[in-house]
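You will see two complexes here that share chain A, one where it goes with chain B and one where it goes with chain C.
On to the complex of A and B.
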């Protein structure tokens, strides 16, 4: 049962990711990206990372996708069907990404996976919170500085100059 | 339980789709969408390895959380830059962004 759930989620993630970079309309592309992110959140719940799943839904689906939709609405004449969405590097790009996928697949499938599986008995939120605020407090503070810089930078760049 | 390498293959597939999008899209907003796909591929790996290898603390989850924060900051600044350039050039296509060239 749980195996079926994983492969269904993997299919949802893969198919909607491919659609989000191939459909013509940018707005549809944003909708497909939302489906990808929701499926990834479900995968986090499946992998016993419930907190990350909630954060994924809150930050990505709630925040970033709203921003994407706003940006698509604010920049006109891009949803037009007659405009070409890909540049001249379609076939080289396809070749490079397929080649990278094949090489990484070969490396992954030749790895010694069988002798390093030791399942974690599920990490609860208490452990994650304690690790975040004791041992990994420096990266945590860096993230707050990065978010502050992004906030100020977004306001400064986006401001309309008189 | 599903084998770990299947999750890693899923993440690699997502990464290749993102690379394809970054290389071929003309529209700067779809460019950012592809970058989000790449960052999510990295996050799936972090969560999966955190589940399958017994790390004492939730190291993978902590770093996945930090990646989500960086991704949010990156896409906010990227979208604001796109809107600022749109005001200047009336376009969101990357072929028209040649302000620093010539």
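On to the complex of A and C.
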């Protein structure tokens, strides 16, 4: 039974991801992308990683997708149904993504996944907080600097020129 | 096979209980809102159907069920059809970890409060879909205003929830209630500020007066659900009142001690607190005028966000000082 649930979720993720890059209407592809992200969150919940699933929905669906759709709505004429979905960089793009896919497949197939499966007793917030500020403090601070730079950049771009 | 099926029967019954509660609660809240607005405006409100119009919502539901479903020409069919579901389903799913009583909870997730916050944020996509799919200027404008408003007020809302999480040290809804056994959180001054910010942001999140800009009827007809009729309109309506119940119930749980209370069963106290907050929000709705769009956004970013950030900082400092 649980295998059926897993394959159903995997099918949802794959199908909606393919549809989000192939449908012609920009708004439709945004909705398909939302479904992809939601199905990934469902997969996290199914794998007992509740915290990850919740953050996935909060950040990607509640934040990023909302801004995507907001941008689509604010851009004039982008909702036109006859927009071309491909440009001249179709073949180089395909080559690069095929290369990335092969590398990722190799890494996934070489990993000792069976040994990594342990029973997760539920995430303790204190453990997460401590880990972020001790073991992973460098990447944590690095990400916050990137976010700060992005914030300042957005303000500079968005400032009305006098 | 039979064992597999029977193991899902309790789950099914819980789901049906939640759906029944949502339907009854929405009908009751619609009646309550009409009665409260009538009292404030010195009218009687619905009086004809049943004692004091108690069955008015039932009659309205039957009417909505029988109404024709009209789709505007040029609407984006799929998007237009799916939008009400994207708004209603998250509101239902959020009941998964709603602590109705010491034993009445469908499933006490260890990330409960974050789960409710994240699931309810999905409904923005539904509002967008309704605005975009209707092929109508008013719907589009209403959808965009709603998005700007919900994204802005989500920030102070989550920051004020964060204060409670810091005080209780847990994300589980039952854990937060149990952490208040020594004293309800809103009695502490820093949490009281968070409570006020939460109520203001929750009013904006549920698109109610004084923040009902997305459906300002004098300028936008009805906002994003202008083009919907019959049962599809009813779904938006039910979602609106279910979201009102969710924000009030979460406020009761986080700040007013949830189901804690003497003498009566725990469920009684939970519902009493939640409906008191709802009555308070209705009182505000029918007393205050609507604010302007730019004033509202400015208030969120220039006042609520800084105040709640400082509040988080002060809470952390207090917790460190106390040890």
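Definition applied: the second predicted complex is superposed on the first by the 120 of 162 C-alpha atoms of A that agree within 3 Å, B and C clash if a C-alpha of one lies under 4 Å from a C-alpha of the other, contacts with A are read in each partner's own complex, and residues count from 1 in each chain.
Basically, a contact is a pair of C-beta atoms (placed from the backbone, for glycine too) under 8 Å apart; a residue touches a chain by one contact, two chains touch by 3 or more.
Nothing here was measured: the structure is a model prediction, and the numbers come from that model.
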Now for A:98: first (chain B), second (chain C), both, or neither, which partner does it touch? first
Let me test your reading of the model: by the given contact rule, A:51 touches which partner, first (chain B), second (chain C), both or neither? both
I'd like to know which partner A:67 touches here: chain B for first, chain C for second, both or neither. both
Does the superposition put A:31 against chain B (first), chain C (second), both, or neither? second
More residues of chain A are touched by which partner: chain B or chain C? B
Which partner chains sit in contact with A:143 here, chain B, chain C, both or neither? Use first/second/both/neither. first
Shared chain A surface residues [contacts with chain B and with chain C]: 51, 55, 63, 67, 70, 74, 123
Report the residues of chain C in contact with chain A in the complex, numbered from low to high. 4, 76, 78-79, 82, 109-111, 114-115, 117-119, 121-122, 124-125, 128-129, 131-132, 140, 143-144, 147-148, 150-151, 154, 165, 169-171
Chain A to chain C touching residues, read off their complex: 1, 25, 27-28, 31, 34, 38, 50-51, 54-55, 57-58, 61-63, 65-67, 69-70, 73-74, 79, 122-123, 125-126
Show me the residue ranges of chain A that touch chain B in the complex, using the header's touch definition. 2-3, 6-7, 10, 13-14, 17-18, 20-21, 26, 29-30, 33, 36-37, 40, 43-44, 47-49, 51-52, 55-56, 59-60, 63-64, 67-68, 70-72, 74-75, 78, 84-87, 89-90, 92-94, 96-98, 100-101, 104-105, 108-109, 111, 113, 116-121, 123, 127-128, 130-132, 135-136, 139-140, 143, 146-147, 149-151, 153-154, 157-158, 160
Which bits of chain B are touching chain A when the two form their complex? 1-10, 12-21, 23-27, 29-30, 32-34, 36-37, 40, 43-44, 47-48, 50-55, 57-59, 61-66, 68-77, 79-84, 86-87, 92, 94-95
